[in-house]
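Labels for the chains are A, B and C, by order of writing; each one numbers its residues from 1.
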Amino acid sequence: MLKISKLTKRYGSGDPVLKELDLTVEGDQLTSVIGSSGAGKSTLLRCINRLVEPTSGSVDLNGTEFTTLNRRELRTARRRIGMVFQSFNLIDRLTVMENVQSGRLGYISTWAALTRRYPREDIRHAYELMERVGIAHYADRRADELSGGERQRVGVVRALMQRPEILLADEPTASLDPKTSEQIMSLLRDLASELKLPVIINIHNVTEAKEYSDRIVGMRYGRIIFDDLPGKLEKAEMDEIYAGVPAMDRAEVGAVA
Amino acid sequence: MMSTQSLQQTLDHWSRFTMRQRLMRYGGLTLTLLVVAWALSSIDVIWEWVWDAPVQMGDLFGRMMPPDPSNLPSILEAIWQTVNIATLATMFAVVVSLPVAYISAQNTTPNRVTLWIGRFILVSSRSVNTIIWALLFVAIFGPGIVAGIVAIMFRSIGFLGKLLGEAIEEIDQKPVEALEACGASRFKIVLYAIVPQIMPAFFAIAILRWDINLRESTVLGLVGAGGIGMILQGAIDTFNWPEVSMVLLTILALVVFGEVVSSYLRKKIL
Amino acid sequence: MSTGKDTWRKPPFISHPGLRYGLYIAVSIYVVLTIATLPIDWDRVSDGMRRAQRIFSGAFPPNFDRSGLLIDGFLESLKIAILATVGGITLSVPLAFMAASNISIKPIYLIGRSIIIVARSFHPVIVAIIFVKAVGFGPFAGALTLVVYSIGFVAKLLAERIEEIDFGQVEAMRSVGAGFLSTLVYAVVPQIMPRLVGLGIYQLDSNLRASAVVGIVGAGGIGATLANAFGRYDYDFALAITMVIVGAILVSEAVSGLVRKRIA
C-alpha cells in the first residue's frame, strides 16, 4: 500500500507545485492521474521515489517512510518501485537484454554488471517477462533498433525486473501512436492484475484513462480535486480539472477531445 | 583588393545591418592592416636574408637530392619506435584521461573542488607543448623513448580529457534518471548509462589523438626523447642532407599511413 | 509461457571467433612486448628525480627580473604569428581553389592536394629546423615555418568548404557569361568568406602557440628566450617564461573563441 500524506513540493521560492496532497493506492488497482500540463502530475510521481526531493510531507510504501531515508537506504528502497517513462529512457547503444537487466542493477554485484554475467535466475525471469510482452526475440538487438511500442515494452520489462511493489508510469504512451498506445495501456492493466501490482499512471489522454483504469485522480494546481471511478468522470468534472485560466490548459483540453 | 570586393559582396547579402556591418568590417580591415604594418616594421629580421631566402632554399633542396637510402634499416627501426611511442602514449593517456574527464564534466563531477582540480589538470596539460614536456622528462628519465612516451602522454591527457568531458556533458540524462529510479549505485550508473553513450566519441577521440601523436612523436628526438627525430637531428648536425631528405620522406609516408589507418578504424568502429 | 532459458551472453563485437581472438592475442602481444622492452633504467630515473627536484627548486619562485627580455620575446612571437597568419592565408586561398575538386581541373587539383598534404605532414618543429638551416636563425625562419603550418590547416579546411558551396550561384554567373576569375570572385568567394575569417582567427591563435615552440630550435620569439634560459640553467626565469606562455595561450584561446562566436 502506498500512502502519501500532506505532500508538498516547492521549487525555489515560487508557489508550491504540490500542495499538502494526500493519496492512497493499494491492491492491484490501476490508477490514472490526469490534469493539465503543470498541474504537478510528473512532480507527484517523482516525489514518490524521490527523483524529485519533496519539500515536506510523507510517502509510505508498505511501512517504509521514504522521505526520511538517507542516500544509501533510498537506493535500496528504490528497487521496490518500478518506473516507466514517457521517452522510454532506454540506453540506446546497449542490447535489449542489457537494458532489461539494468533493472536489476540494484541487486547484482558490480563485477556481474561490468562483465554482463547476470544471475541465471534473472535471465530466466527476463526471458519470461520479455515473452509475456512479446519482445523475447529482440534480446540481442540494440535498443535503438526497436520501434516506439517495442521500446516502451523494454521499459516496462526493465521496471518489472525489479520485482517492484508498485509501478509508476510517467506519460507512458505520450510518445506513441494511438494504436500502440492502447496496446501499452492494456498491457499495463493486464500486468497490474496478473502480478497483483498497484500501478499509477500519469496520462494526458482522458479517453484512454477512462477505458483502462480502475480509478481516476484529477489534479489541478498541485491539488487532487477528483478521485473516483472512471464512470464518475463527467463533463462537469472534466471542465473543473482542465478549465484552468492559462491558455495552455485550454489547448490541452482541445488536444484530448 | 579581392577581399575588399568580397566584403562588398557579403554586405549585399546582409543588408539588414548594412551600416553597422560596413563600419565593423572596414574597421576590422583597417585594424588588421595597421597590425600587419606594425609587425612588419618592427620585426627583427635582416631583410637581405629574406631576399636571399629563395636562393638559399633552392640551394638546400639541391643538396638534398637525391635522397640517400643507405641508412634505411635504422631509419625504419626509428620509425617503428616512433609508432610505438605514439601508440603506448595514447593508450596510457586514454586510461588516465577517463577519471580526469569524469571529474571535469559538470554533470558527473562529485563536487566543485574536484571540478576545478579536473580543469586545472586539463589546462596545464594542454598549455604546455609536447616539446617542453619532453625537455622536462628527458631531464628526469634521461634521453630515450621513455621520456618521449611520458611527454606525449602528459600532453595528450589534456586533449583527451577535455573532449571526453565535453562528450560526457552532452549525454542524454534520461537513462541516468531511469537507472537512478532502479536504485543502481553511482558506479553502475556510469557503467550502464554513461559509458555506452560516450563510447563512439571515446573511440573517435582516441583515434584522432593517436593520429596527432604520430606527428608529435616525430619531433621528440630533437630534444633527445627517442624516435625518428634522433636520426633527423644527427643527419642535420652532420650536414648529411641526402639522408635528411630520406628521413623526411619516411616521415611523410608514416603520417600518410597514420591517416589511412585512422580513417579506416573510424569507419570500422563507428 | 516460460522457455526456461537461463543463460545469455552479450553478442561479441566481432562475430567471427577466430578474428576476435586473433585480434585480442595480437594486441596483447604488441602491448606486452613493447612495454617489456622499454629501456627503463631505474638508477637513471632515481637520479633523474633528484635532478627534477633541482630543476623545480631552482624554478621556484619564478623570476620576473628580466621582464624586458620576456616582453621582447613575447612581442616577437606575436609578430611572427601575425605575419605568418596573413602570409599563410594569402597563400591558402589560391591553394584551396587549386585543391577543391569541384572548381579545379584534375592535374591542378592533385598538385594542390599534394602541397597541402606535405604542409600538414611535417611537425612545425621539423619545418623550423630546415628553415633555420636554410635562412639562418631568427624570426624569419619562424614566420616561414608558421606560413607552412597555416597552409596545411587553412587551405585544407577552406578547400573542403569550397567543395561544399552552393553550385547554383556558380552556374548563374556562368550563364551570364562571366569569366573564370569573376565567377570565383562573385559566386564563390562570398560563400566562403565567413569561413575564411573564422579560420584566420583560429589560425592566429594556433600560430601564437606554435611560435612558442619553434623558437626552441632557433626560429625566434619567446621560444628562443625559453630555450636560452633553459640552456643557461636559469630555471626560475624559464618558469616565468612558461607561465607567461600558458597565460598568453589561455587569453588568446578565450579571445579567439569569443570572436569566432560573434562572427558565426
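Rule of thumb we're sticking to: contacts are C-beta pairs under 8 Å (C-beta built on N, C-alpha and C of every residue); 3 or more make two chains touch, one makes a residue touch a chain.
Quick caveat, the model's predicted, so the values are computed rather than measured.
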Leading chain pair when contacts are tallied as C-beta pairs: B-C
Chain whose mean Cα position lies farthest from subunit B: A
Whole-Å gap between the CA centroids of subunit A and subunit C: 52
Gap in Å, rounded to a whole number, between the CA centres of subunit C and subunit B: 6
CA centroid of subunit A to CA centroid of subunit B, Å: 48
Junction residues of subunit C - those touching two or more other chains: none
Touching two or more other chains - residue numbers and ranges from subunit A: 98
Complex contact set, residues of subunit A against subunit B: 49, 51, 74-79, 81, 83, 85, 87, 89-94, 98, 102-106, 110, 113-114, 155, 158-159, 162
In the complex, subunit C residues that touch subunit A: 1-11
Subunit C - residues contacting subunit B, complex: 30-31, 34-35, 38-41, 44-45, 48-49, 51-52, 55, 75-76, 78-80, 82-83, 86, 117-118, 120-123, 125-126, 129-130, 133-136, 138-140, 143-144, 185-186, 189-190, 193-194, 209, 212-213, 216-217, 220, 226, 230, 242, 245-246, 249-250
Residue numbers on subunit B that touch subunit A, as the complex places them: 174-175, 177-185, 187-189, 191-193, 196-197, 199-200
Parts of subunit A lying in touch with subunit C, wherever the complex brings them together: 95, 97-98, 116, 118, 120-121, 123-124, 126-128, 131-132, 136, 139-140
